[in-house]
Structure formats: C-alpha cells, structure tokens
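Can you read through this structure? Questions will come right after.
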Amino acid sequence: MRLPSTPTGRARRAVALFAAAALATGAAGCAESERSSDSSSGSGGSGGSFVFAGSAEPVTLDPFYASDGESFRVARQIFEGLVGTKPGTADPAPLLAESWERSEDGLTTTFKLREGVKFSDGTNFNAEAVCFNFERWYNTPPGIAQSEDLSYYYGKTFRGFAKGKNTDGIYKSCEVKGELEAVITLTDPFAGFIAALSLPAFAMQSPTALDKYSVPAGKDPRKGEYANEFPTGTGPFVLGSWDKGSKVTLDRNDDYWGEKAKVDQAIVVAIADPGARRDALISGDVDGFDLVGPADISTLEDEGMTIADRDAFNVLYLGFNQAVKPLDDLKVREAIAHAVNKEEVVSASLPEGTEPATQFMPDLVNSYSEDVTTYEYDPELAKQMLADAGQSDLTLEFNYPTEISRPYMPSPEATFNVLRSQLRAVGITIKPTADQWEDYLGVTTGTAKHGIHLLGWTGDYNDADNFLGVFFGTKTQEWGFDNPELFDALKEARGLSTVDEQVTAYKKISEDVMEFLPGIPLASPVPSLAFAPGVQGYEPSPVQDEVWSGVTVEN
Amino acid sequence: MTRPVGVRSEPLLEVEDLAVVFHGSRGDVEAVSEVSFSVRPGEHVALVGESGSGKSVTALAVMGLLPLRSTTVRGSIRYDGDELLDLDARSRRDLRGAEMAMIFQDPMTSLNPVVPIGVQIGEVLQRHKGLRKTEAREVSGDLLGRVGISDGKRRLKEYPHQLSGGMRQRVLIAIALACEPRLLIADEPTTALDVTIQAQILELLRELVSGTGTALVMITHDLGVVAGLCDEVHVMYSGRVVESAPRRSLFGEPRHPYTGGLLGSIPRLDSARGEPLTPIPGSPNDALPWTHSCAFAPRCGNRVDKCTVQTPALRGSEHVSRPGDEQALRCFNPLDTREAS
Amino acid sequence: MSIAAPTEPSGAGQPTPVADVAGESLLRGAWRRLRRSPLAIAGAAIVLVFVVVALAAPLLAPYEPASTQWAGLVTPQSVPGPATDHLLGLDSFGSDMLTQLIYGARQSLIVGVVSTVLGLSVGATLGLAAGGFGGKVDTIVMRLVDVLLSIPSLLLAVSVAAVIGQSQLSVMIAIGVAQVPVFARLLRGSMMLQSKSDYVLAADALGIRRRRIVMGHVLPNSMGPTIVQATLALATAIIEVAALSFLGLGDGDPAVAEWGRMLVAAQERFGNDPRLAVYPGVCIAITALGFTLFGEALREALDPRQRR
Amino acid sequence: MLRFALRRLALLVPVLFGLSVLLFVWIRVLPGDPARSLLGERATPAGIKQIRELYGFDKPLLEQYWAYLGQLVRLDFGSSIRDGRPVTETFFEQFPATVELALFAILFAVVLGIPLGYAAARRRGEAVDGVVITGSLLGVVVPVFFLAILLKLVFAIQLDWFPTSSRQDPRIDATHITNFYVLDGLLTREFDASWDALVHLVLPAVALGTIPLAIIVRITRASVSEVLNEDYVRTADAKGLHPPVVRRRHVLRNAMLPVLTTIGLQVGLLLSGAVLTETVFSFNGIGSYLFDAISQRDYPVLQGYILFIALIYSLVNLAVDLGYGLFDPRVRVS
Amino acid sequence: MSAATDGDDADPLLKVRGLKVHFPITQGILLQRTVGHVQAVDGVDLDVRRGQTLGLVGESGSGKSTLGRGILRLGVPLTAGTVEYDGVDIAGLKGERLRKQRSSMQMVFQDPMASLNPRQSVETLITEPLLAHGKPVNSDTVGRLLELVGLPRGAALRYPHEFSGGQRQRLGIARAVALEPALVIADEPVSALDVSVQAQVLNLLEELQERLGLTYVVIAHDLAVVRHVSDVVAVMYLGGIVEEADSDDLYQSPLHPYTRALMSAVPVPDPEVEDHRERILLHGDIPSPADPPAGCRFHTRCPYRQPTRCDDERPELRVLRPGHSAACHYAEQIARGDIEPADAAQMVGTS
C-alpha cells in the first residue's frame, strides 16, 4: 500500500498537522472528569466521541484521488465500495454489492447491489450511481488528475484513461442492467479485479454531490469544494468538518443502512511522532492511535492501554543489488542468507509477535507457498560459502534509511544495526550509507549505486501480484538483475482469468524467486494499534479496512 | 568680592575626620581620610585636586550617594547640627534634592537621555514640594527661565540630546536649585564646557547663589575657577586635605609644596610668553600611601628625610604672612613664603 | 541550538572594543582576571577534562567504539542495564554505553573544533575582507551576510546538511556554515570600530602602509570578541550536533559514538529507560556548560569595562 | 522616523531578491527530487517523469526561475507539491501557531528574565547573582528538544498537569477566525477554548522560552549594572527620588534598550527553536511543515516559507528598531 | 601674521590657502543624497614659518582639529584649497606619495592611550614607522628616542598601559619625532593630562623644538596653553580664522570681539586678577557648523554687532597692524572704543 511519504520516524516526522490533547479546561489535572461530562450528548449507542490519532493529515477527502493511508482512514468512515473485506482478513467480501458474477473469460462482472442504500445527501445508491462512478474514474481529465500522484490506484489497477497519454486501460464499459444491477466489462482479464475494488479509492460517491461541486478540469481535484467540505458517501459517518491543520470531525450518519455507529462523533487528529502519539494516549488526550512504535508496546501495556495487532500484510526484505559484484554471485547471496539470523532481527528490532518471513509475501496472501527454499541461520556455513566463492574478505555497502518508520520497517536503523553485527560476525565488512527517506529511495530505486538495502511493501488487497509483481515485474535498478523468465512468468500470471489458476502460478514463482534469491525476506512485522482502556469494538484489519461503527468509548 | 559673607554664623555643613573606604575584590581601598571642613550659609568653599584626589568621593559621601554595599563612611558629617551618618536611607533621601543638591561634571551624561527634561526637573518638585504634575510643569518652566533658557515652557518637552552642553548644564542647575537647597555641591560643573560657555555657567551660578544664603561647595581641578569664586580653599592630594586656607592666602602665598607646584606649573594667560613653567615631576599615580609617609613626597621638591618615613598631620595655624587668615597644612617642610613670593 | 547570540550581553549590540585593554601583556591581565573567577576555573576544568577524555579515549574506554556486538541483546522493549562488564550498561544499539560516551567526547571535540574552525575561517575571511577593504567589497559581503542572517541558523544548517547528505563531514560543514555570517559580522563590526580609533589614525599619520595597518593593528585588536565567540561557538556546535541528529540529519550510522545521536536514539525509550537519554544529555549539557562558562569568563576578562 | 522605516523597507527588497535567487539555486542543488518523495517506494520511472513534467522541473533552471519570479510578482507563491495546498494558505494557517508559541515563549522569557536580571545586577557578586547566572547558563546548554522532552515527561505525563501535544483539545469545537487560538477564543467568547489553547501553550512556550530567558537575564543584568553606574542615575539619586521611581524611570527605561535589541535578535533563535519544540509537542506550526518540505524537496513550500520567514524576521527587527524610538528619543529624531 | 601679505621672511614651511573641508550630510533610501554640508573648515589661509610655533585656538566646533588633520591629509577629504608644504602642494597627493610625505609631517594626538596600539610594545611602536619609511633602525635607536623624550631606556620592552598619562604622551611624541619630521601638529597635546603633568609635556615640546628645530602647529582649546607655547596664534570660530597675531600682541590687545570675549572668559588662578577682571559674556551657544550664520559668523553672539553689515557681509581677515590681522568689519572702531557693546549687561565685573 502506498502510505503517505510523510516521515513518521521518531522526531522530525513531527508534522503535527493536527494533534490531540487533554481537554484541560480548568486545572489540567482534572482532564478525565471534564471529558466525560463534555461528551454525553449521544442519542444512540454509547454516544460520546472517539478521538483517534493518525500520523498525518489526510491529503484529500475524495478517496479516488487519494493513495495515502490517512486519507483512506477517513474515507473508510464516510464511503463504502462495492466490495469490502472479510473482517480480519484481506479477502474480498460483499458490501454495497450483495453479490457478483464473473464471466468465463473473466472480462465481464455483474454486480447485484444492496437495496435501500442512500447516500448521505439523501439520493439513492443504484446501478446508475455505480456506472457514474466507473465512468467518472475512466474519464479522469488529463493532466494533474491523471498523475501517479493523484489517481494512483486507478492507474495501477485499470492501467489507463479515456483521454490523455495513457489510453490502454482495461476498462471497457459499465452497463445499467436494472435499478440494482450493473455490469462492468473489461478489455483484458484481471483476476485481482474484485479484490482491488475493496480499495477506498474505488468507493462509491454520490453523483449528485459530485456534479454539484464539480471541479473545473485542470484544477487540482483534491482541493475542490467537494473534497474539502462535501464528500458524500454511504458510510456510517458523515463529514462534520475538516478543520485544516487541526482535525477532521466525523458525525454519525443516522440514516445509515446498516448498524449505526455507536459513538456520536469520531475525531481524527494527526500526531506525526509515534512517541507523541503514545504520550497523547497515556495522558488521555486521544482514545487510540495507529502505528505503535515497537518500543512503546510494553510501556503502553504497563499504563493499562490495550494493544490491538493487525495481522501482518506486509514484508520487509534485505535486497541485493546484482549490478554490484559479487552480489551477482548466487553463492554469495546464499552465504549472506545463511549469515542472517532472522529470529534475532525480529527480537532486536521488530514488534513482538512478528514472524520471520520465508518469501516475498505475508502468509495471508492466497498464493503463499509452504514449499519455498529456506536458508538456515548458520554463520559457519556462511563463512565457508564465502570462502568458497573467494569472498572471505568481502566488503559491502549497506544502504538504509534514517528517521523513517514504515509499517513493514518500524525502526530501520535498529534493523540495520543488528544485521550489520550479524554480517560482521561472518567476516563481512559493512560500509553503512544512510540517507533520509526520499534520498534513500532515489539512491536505491533510482540509481545503480547501492549495495544491499532494506525495503519492503504493505499490500493493498489479497493478490500476489500486489507483492511479487510490484517487486519483480520488470527490470529495475533496485535489484539490478535482468531475468526475462521471471518477468514473463509474472506477466502471464497476472493475465490468468481465475484466482485458482493464479494461485498455482504465483506459488511456483515464489518458490523460484527464493531459489534465485534476489534478496532475503526478513519478516512481516505486526502493525499495532493502541487504545485507551475504555475503547471497545475496534476491529483491526490487515489491510486497514477498519470502520468505526462498532467502536464504543467508555470513560 | 562684593558678595556679602555675612556674620560668622554657625556652619551649615561640618565634615569632620571623614574617611571613605571602598571594598573591592582586591581588598579595601581608603579613598578619602582625615578630611575635615565646614561651610557656613552663604559661604563658598572649594575642594581642589587632581583626578583621584578624593574630592568627588567626599562630595558623594556628603550627599549620601556612595553605594551602601561596597563602601564604608566613617567620621562625621553634620548638617545643620544633625549627624547625617546616623540617619536612615529614607531620611537622607528626604534631604537630598531638597536641602542639599548637587551639580555634576558631565552634563552630557548626567541627564537621563530617554526622559524629557521637563519631567526630570518636575520630578524633584513633585518629590519634595508635593506639587502635582501640572504645577510641577509650571514651576519647571519658570526654573528654566531662571537658568537662562528662554522659552522654557516649550522646551520642557525636549530631550537632553536636543540641547547643547551649556543648556544641559543649565538644566542640571535648574534641577539642583528647584527646591532652593541650602547646600549646593558643584562637582566640576564647567570642566566639560567650552570656555565661553564655562564663563556663562559660572556667572549663572554666582548669580543664583549669591544673596540667597546658599552654601556652595565647589569641586574642581581648575584653580582659575576657584580664584574668582570661593572664600575658602581646601587642596586635596591622594585622599587627604594637604592645605586649607582662605583663597587670598592660598593663591598669594601657597605653603604646601603641592599647592605651590600646581600654581607654578599652570600656564597663565596673563603671564609673559616664554616664562618657563616649573612642572611637578612624576604623576599622581606615584603617590605613596599616607600611612607611613607623605603621599606627595616622591614628587616633592621640598622633601626632607622625614617625609618618607612619617605621616604629616594636618595642623592649623595662622597664616605666616597674612595674620587673621587661618590655614591648615599637612607638611613637614612647607614652602617659605618669602621665598615663594 | 545556538546559544551564543552574536551580541554582547553588555552593550547595545555593539562589539566590545577590546583593543583598549588587550595587549600581549594585557592578555596576562586577562589571564589574571580569569584565574580569579571561580566560574572561569570551573569552565576551564570541564573543558580540560573533556579534552583529555577525548584525546585519551582509546586508553580510557573499555571496548571498541560502535562495536555493536551486543546488538542481539537489545530488544525494542529493553536494553540491558549496568552490569559488571558494562558499567553503564549498553546503549540503544548494543554498544557499551561507557565506551560510547567516552568516544562521544572525541566526536564532539572533532565536530566542534572543525565546524568552528570552518565557520571562523570563512566568516573571519569575509569579515576581514569587508572590514579591510570597505567600500564595495564591504557592501557586497555584508549584503550576503544579511541574506544569510535572515534565515534562522538552524534552518541554514538543516538545508546545508540536506544537500551534503548524512555524514559527519556534512554535520560539521552545516554547523560551520551557520556560524559564518555571525563571525563575519562580528569581526567586521569590531574592525570598523577599531578603524575609527586614534591609534589607527596615528598609524596612518606615521605613514604606515594600509595593509600593515589592517593586518598589524586593526585585525589583532579586533580579534577579542571573535575569540570569545569561537569559544561559545564550540558550545553551540556541540548542542547543534544534537539538534541536527534530532532532526534526522546527523551522522547516518546509528551506532556511532556521538552524544546527540545517542540522545536521539534513546528518545523513544525515554519512558521506560531514561538512563539511555540522560547520560548523553548530561554529557552534552556539561560540556556545553564548560565552554560557555569559559567563553563568558573570557568575555568578561577581555571586557575593558571590567577594569573600572 | 518614517523615512528611516521606508529606507529599511527598501533595503529589504534587494535582500529578499538575493535570497530568492540563492534559494532557488540552492534548493535545486539539493539531491533527490519531489517526484520521488511523492510517489514513494514503488514509483515507476514513467510516473516520476510525468510529475517532473507536470511541475516543470524538466525545464531549464533560468526558465523555471523566470516563471517563479513572474508568480512572485503577482504574490503567488505556488502550491505545495506534497499536498497541493497553496503555500500562502498553509503558511497563514500555521504561522499563527508559531507566532503564538513564540510570543508566549518571549513573554515567559521577558516576564521572568527582566526581574531576575535586575535582581542579579542589583546584587552583583552576591548569592542571588550567582544562582541567577548559573541558572541562566544552564538554560542555554541544555538542548531545546531535550528540555522539551523532559518537560513533557514530567509535567504532562508523570504529573499530568498539562496536555502532551497539539494546540487545542480535539474534542473542543472551537471557531477559528485568526488561527491564533487564544485570541479566537476571546473573539468568539468561547473562553473555554481560549483557556484550553492557553494550557496547551504552557509547556512548549516554557521549553522554547528557556534560551531567550537565559539570554535576557544576562543582558538585563549586564545592561542594568551598566546603567546603575550611569551619571544620570546618580543625578536621580541626588534628587532624593523614591527608589521605585529611580528604578522605573531612570534605570529600567534605559536598560531596556539593549534588551529590546536582543529580543529582536531572538526571533531567529525562536524560529529555529520552534522547529524543535513544535516537533516534540506536535504543535502545528510552520516549523515542522517547513522541515518536512526540506526533506521532501517541496520546492514551492521551501521557497515560499523561507522567503516569508526572512521577510518576517527582517520586519520584526525593523519593528524592534522602530520600537527603539519609543524608548529612545535619540533615535526618534534622526 | 597675515599669511597673504607677509613676504618679508623666508618661505614659510607650510602655506595653506583657501582650505575648505566640508563634510556632506547625506540621506536617502537606496542612493545617498547629499542634503547639506558641515562646513568644518571654510576658507582658511595660514602660513607657518620654519622653527616657529603656530597656535590654533578655538572652541568646539571651530574646526581647529579638522584643519589640523586637513593639513596632514589625515582621513579628511579636502573640499578646496591648497596645502603647500616646503613649496610642494600636497593637497592632491594620494597613496604611496602621500604616505612618503608623512615622514616629514607628524602629529601628536590628544589621548595618548587611544593613539597607541595597546598590543605593541614601546619598541615596536617606535620602530614601526621607521621601518615603514625605510629608515635605519639599530639597537640604539629606540633607547635614544626614549631618552630624548625623558623616558628610561628600559621602557622599550614595556607596553603602553604600563605608563602614566604623561609618559604615554611622551611616547606619542617620541614616535612623532622618530621620523625626524620638520613639522609637528599637536592636537590638544595636554588636555587629557592631569594638571600637574601638563607642564611637563609643554616643556618637553619646547625643549624638542629647540633641539630638533621643529616647526609646530599646536591646536588647543586652552588659551593659556596656546599662549604659552606659541609664537603666532590664530583664533578660529566656526570654520574660519577670526584673528591671527603674534602671541603677545594678541593677548595684550585682541582686536576681534570674539577673541576679546574668549580671553575674558578664561579664569586666572589669581584672586587679585579675578576680582577685578572685566568679563564679556557671550549670549547663547556656538551655532552649528552645518548651518552657520550668514555674514559674519560671529554676529549672532557679538556684543559689538552693527546693523546689517555684520549680518550680510562676511568679513575678510585683514591686516590691522603689522603681524596682526582680524576678520572684523569694525575692529578699528572697537579698538578705539568708538563702538560700545550693545548690551551693557553682558559686561560683568566680578568685584
């Protein structure tokens, strides 16, 4: 998943675009009692407000033009897509579409829509609305709106637009078959289509509202009136206000078709620094926060806070740049693999509960293979293999990013540090090269001048292509190898029309990759959320499909 | 001198055996000691000496302006019969500016640069005469007129930097005389001024003080200023009075070698060109401690052996050649007056 | 953070004319005053200890610096504390804390001295050019300095560090560059002040060459405030290294024995293991205090007004 | 006076122009590019190229600068590359926060620093002086962020007297007019919001104000002890004025001049410190936003913010110089 | 002595004609605009004969120091006029030629502490100018010079701050005469010294003049000092010379009202004299040289001011009797007593 590139490391990541704090109207000491009396205007459920701290302010409230987790977090409360996910998994599940049917060739999908659903502006949700949305996406105006920065997921998933530079998309048409039946036709088969629709980018938005507050072509659509003030969806919350630079206030949608939200209000604030989020929770300024730092878990537990783990849907790896000798030598790569003690890497630098990884995808992905080659931790063997390869005096450049925290890589410096001590132990000299995140990405993915490096990925939906394809789909400077067989195999797998076919293909690819060993999958770190003791009903999701309608806050 | 000296009234100010000790980081320094003099109402007395002679310190001690923390004042300062050194800080403040006032040397720095002069004059009236602000302003304007600043009312709003040096000194005089003090101490009031302005200011002082019965203590290094103004002159050297005498005696027949030396070393406007000067050798820094010697001994032409081993005491007598003039002298081997003349 | 504001605490923003006191043997007078001041002695003692520790680090430290051999013992939740083989425990990245602190002194000394020398030499050269040539050169140099001064120094350092990348050198350059305008203005200011003094006029009257007047008279007499500033800049540098580390612009190697880096790395463990942050934090504060005390005492000792 | 102000304002023009050129070149010398930071770890070369073209980064530098200058003339500072928001909009949204913080910090420093400095000067060499001086020295040697963290740990987390972060409790539904939250609360009569914002300001302001406090203490001490030796203070004493009058009218009024200058010079220090303090307290000011703009090469934000800051920095110093006139009539006339 | 006409002597060493020094007063936003001038020296003619002492006397703002520096070309740009030294016009000299010229014209400064570089030892202080002019320096040079000014030879290794004020002034003099100049301009050479020390320095100056055949220009505000050392005295007021005469002549019978007032203002340390002296008190302050009065510059304060002419016409410096000139329209009448001071109250007798 594309997460905001807002740095979220320890410190400067303090883009405290918003933040939370104690309701210390009086003596600050009596914050607790003040708060409870303040938030008792609930008409249904438990009432009150739920204050949640993310790491950054949303970029936009029009999820189609968003690709960052913070925008999606808010979008998931306001909007719903045709497809959702099964709670606690990455698997697609019915949401606004009660069911769907795919044709044999995988090109046509017929969606049966849920009845009685209304947008929060009172208009009906129906097949016309579905087609309006699909057409809207397809007709994204050329220019800034089509840039990878804005319509990233549409570009990735549908691969092209009606007009503009890239018109080779796979979307063909949307047909209204009845009030509650819509048929989508693609030009090429795409097995991940349904899973991809679970992304908030493809949430259903009110055609009426979109028309009313339409953004002139050429203008930044993220900044229009619609995206700022009137995002209109079918979700359990509606936008109360977006106090720029401060907070997003969400009010309960009392006309929601499903189970109505239990809290009156949900407030999203941004606290960039994980330590500050921790402090804000402990001191009662917020009720919960995301992206808990591994070091904070025990502190939070000591303070009586609840930690909720998401199942890991990511992978962290140590990549080899084969453009650099002797990393092009498989023996050397294998030797390094034997030198790495994944258990220690996990215990020394990753959150508790994290499992070492065996391949370039987490076990939640349907194509996860149990039969990949594994490389046991064996420093002696590693030394021997290095000697055999004539590399007993090996010096390697080790690139790693600083001051950044990604869900798959909560503390890269610590991970680097423990890996370095392990590699040193087998006689490899490490030349550390640290860069800030953006520079680091430039160096490791934009140039050939790097050695071994740390990187990873958080998946968007349950599709192996979202991992393997992203990593190895084409020749890149990150890996520095040219392996047409692998590239072709991935291309072919992507075009397979059924999920079962795909699973088989991807398992095979995954196994091949682990023999080829372009890098060492280290672990799938467990992302954690933390909550105040009174918070109940928050369901963590591996793909962060977390809707707060079930959340209650007891003070 | 046309100024009425008046009958020999009781002294207004009597300083007796005054000593001032500064406590510094390098130990105590006795800046002034064994200083005695008195001033009667209407009398003009001069303290004369070079820099470091202790004349200004003496004045500050009389005014009570020495920092309490770092100085000790011993001896006796009686004002109108009351012992000032026994008074508390508040009572001394009540006297300052009202009963006794002081004019300082440098008019450039003695006025607060950021406060209009009207306020600076008015505040002393408000403090001691209980005037209200508007009344004080009225009186201040008049005062400026009295010290020769025309259009005084308008100038009350001006700041010191807008005035010339002479003007500022006039303002300082106005401040000092605002409450019609009975004792006025003028510390080098004209040193920083140009000659023609100096003459104006001296004349002004003379005018304002004469006939009012105000006692004046003039502190200066300029013997010329003293000659025309003061009745009694005390010459100080290195913290002590070395010679006291009525001015005619002192200028006519100086007895102390230092006084004589000073007079001999100053070029005089009325002396013939090329008349050689007889400088005092060395510099004031060469002074010995008074404790076991005469401080002036190293520079003294009349030095005898005794001078470097014994401290001369200040002894009063009648002037040798001017009977009736009392004088006091701190010297083992004074100048022979006949020789000097 | 920059603690040494370019102004004197004693004057209205003007450089102190040190010239009227400081002669070679006047320096002796300054030395005498320095020795009398307990604060100066305390400052000098701290500086001395610091320099000795920095120089003798290999002899004093029980282990190699940045030896992360105990990295495996560190977990996100805890860091092994003091024990017999590690008197102060381990640091956040599994090196011996005591060793890291000792080598940290060396690192601070290097960064402080190099950055200060850099800032001083470039700044003083600019100041000298401005003060020495005057006229157009002065105008151009001072405009440049104005431009640089209009950006807060930390921002300047941050942007420099961002260009050069994460390395010790870049930190030194960044801190040095941020000091350049301060030194330039200070030296130029005191040179201007000195240029107006009588002895310069006297030298001119004696027919001494302009070059010689500037280099032999004006410059030596203008160095006082600059030397004081350099001492204070050392303190600033040590603190600024920490600030840059805090902002993620320090030396890239997490295990490097550098106090600011250690302090920042320990920050996320502050709640449950304050020791990790407190040790380096205290080292920074004490060292900076030493240089500041010394610099302030030097300033007072060189200040002519102190002689009254 | 007016002439002086105009002259100084006019001098700003070349400085700002020079700065804009310097910045423009400087920023583009920075390695890395904004496209990379926008698109994250899986950016494709095509995507990067697209972004570069979109923002015109592929054009020659001179052409880019010319275009930028054209914008500037129309007072258009462009929009952030990261979030697309106009630079002026975000700046004026965040700047009040920084100003509010800096004002309270300087208020803290002045209110505490001047009396302390005065006391130290009056008792120079005594115990009080020693304590004040040592304290002020300690104040400057503790890294700002470390102090901020300590304050937060002790007063916000352990003692729970103050909130840990942000400018206002998110649960408060406050109306914001000026974005100076304390002021807004007063304007809208939402006094609880005002009070809450004030409470949020305490710790950051103390952390940020500590170094200025230390400096003000020392300047005040030096300045007051100098003024105490001035002839006009002796004149005032010679008038027998009451000590409070002497202190207020004659000592402090003069001693404040260098203090005022120093406060002006603190502006830069405050802005630097604000970056760190805002970070620790998640205080939504310009500091952290600008800092991220540097690392993410958000050219328009960098250029716009630094120009704004330089302008404000210069204006504040101009204001201080003009303010001098209020205290010092000598400046007023010239 | 009237510079312009006095031709009966050998060529004067220094001949100043029409010297003007105007300092621009500027203001403006970016470009400095000159809005006026401080007319520090405004048209001065002056001759100084070899071996003689010219005294320049005047109050603050009279331009006497500026004139001294203007003659030496010392940090003062000349606006107009010529300065002929030993027959050569040095007004236009620049750079190296001016520097070389300096060895023959030297200056003694008012504040001996400020004019000596505190970092230089006495030895360096004295040898530096010698070296700068390529003059021979040997082991004896410094000692000899120190002895010449009455300082012990041992002083060579000490530093300025170790000396008393008088000794420092001796150092300053030693430095000035080290280059064996013909002309020495002494700007307030004793005013910063203690009273008891002033005579030492004055005597030293006289002694050196005799021994070295120096020509002096002594600038001072103290009339008694000037009177004491000078052969010829020029009185300055607001940038111009108002009277110039042989010293004794001037003091015995001053012709310019300003000179009369000035001399009457100087107190004499003798009660007999003081008590009977008549004083002329001048009204008001000296006007600013940035805005000098039209006509006779002294007319605003002159007790003898006569209608219109004094206000409108600036008097030339005229020879009134041999060796005595004054710039006053009515000098003769005043001297004869034909014109009485307008305001009798200004005349104050103190007895």
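For reference, chains read A, B, C, D and E in written order, and residue numbers begin at 1 within each chain.
FYI, a residue touches a chain if its C-beta (ideal position, glycine included) is under 8 Å from a C-beta of that chain, and two chains touch if they have at least 3 such contacts.
All values derive from a computational prediction rather than experimental measurement.
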* Structure fact -> Per-chain C-alpha mean nearest global C-alpha mean belongs to chain D
* Asked: From chain B, which chain is the farthest off, judged by mean CA positions?
  -> A
* Asked: If you tally the C-beta contacts for C-E and for C-D, which one comes out higher?
  -> C-D
* Whole-Å distance, chain C centre to chain D centre, using C-alpha means? -> 23
* Between chain B and chain E, what's the gap in Å when you average each chain's C-alpha atoms? -> 31
* Mean-CA-position distance for chain C and chain A (Å) -> 45
* Averaging only over C-alpha atoms, locate the centres of chain A and chain D and give their separation in whole Å. => 37
* By residue number and range, which residues of chain A touch two or more other chains? -> 7, 11-12, 436, 439
* Structure fact -> Counting only contacts in the complex, chain D reaches chain A at residues 31-33, 36-48, 50-51, 54, 79, 82-85, 90, 93-94, 145, 152, 156-157, 159-173, 176, 192, 195-196, 199-200, 278-284, 288-289, 291-292, 295-297
* Could you please specify the touching residues of chain A with respect to chain D in the complex? => 2-3, 5-7, 11-29, 31, 35, 38-39, 49, 51, 57, 59-60, 143-144, 147-149, 152, 165, 220, 222-223, 243-247, 249, 267, 269, 271-273, 276, 279-280, 282-286, 436-439, 441-442, 445-446, 455-457, 470
* **Parts of chain C lying in touch with chain E, wherever the complex brings them together** => 19-26, 197-199, 201-209, 212, 216-217, 220-221
* For the complex, which residues does chain A have touching chain C? -> 7, 9-12, 274-275, 278, 293-299, 302, 341, 344, 347-352, 402-403, 410-411, 413-414, 416-418, 420-422, 424-425, 432-436, 439
* **Touching residues on chain E, where the partner in the complex is chain C** => 72, 74-75, 99-103, 106-107, 109-111, 113-121, 128-129, 132-133, 159-162, 172, 175-176, 179
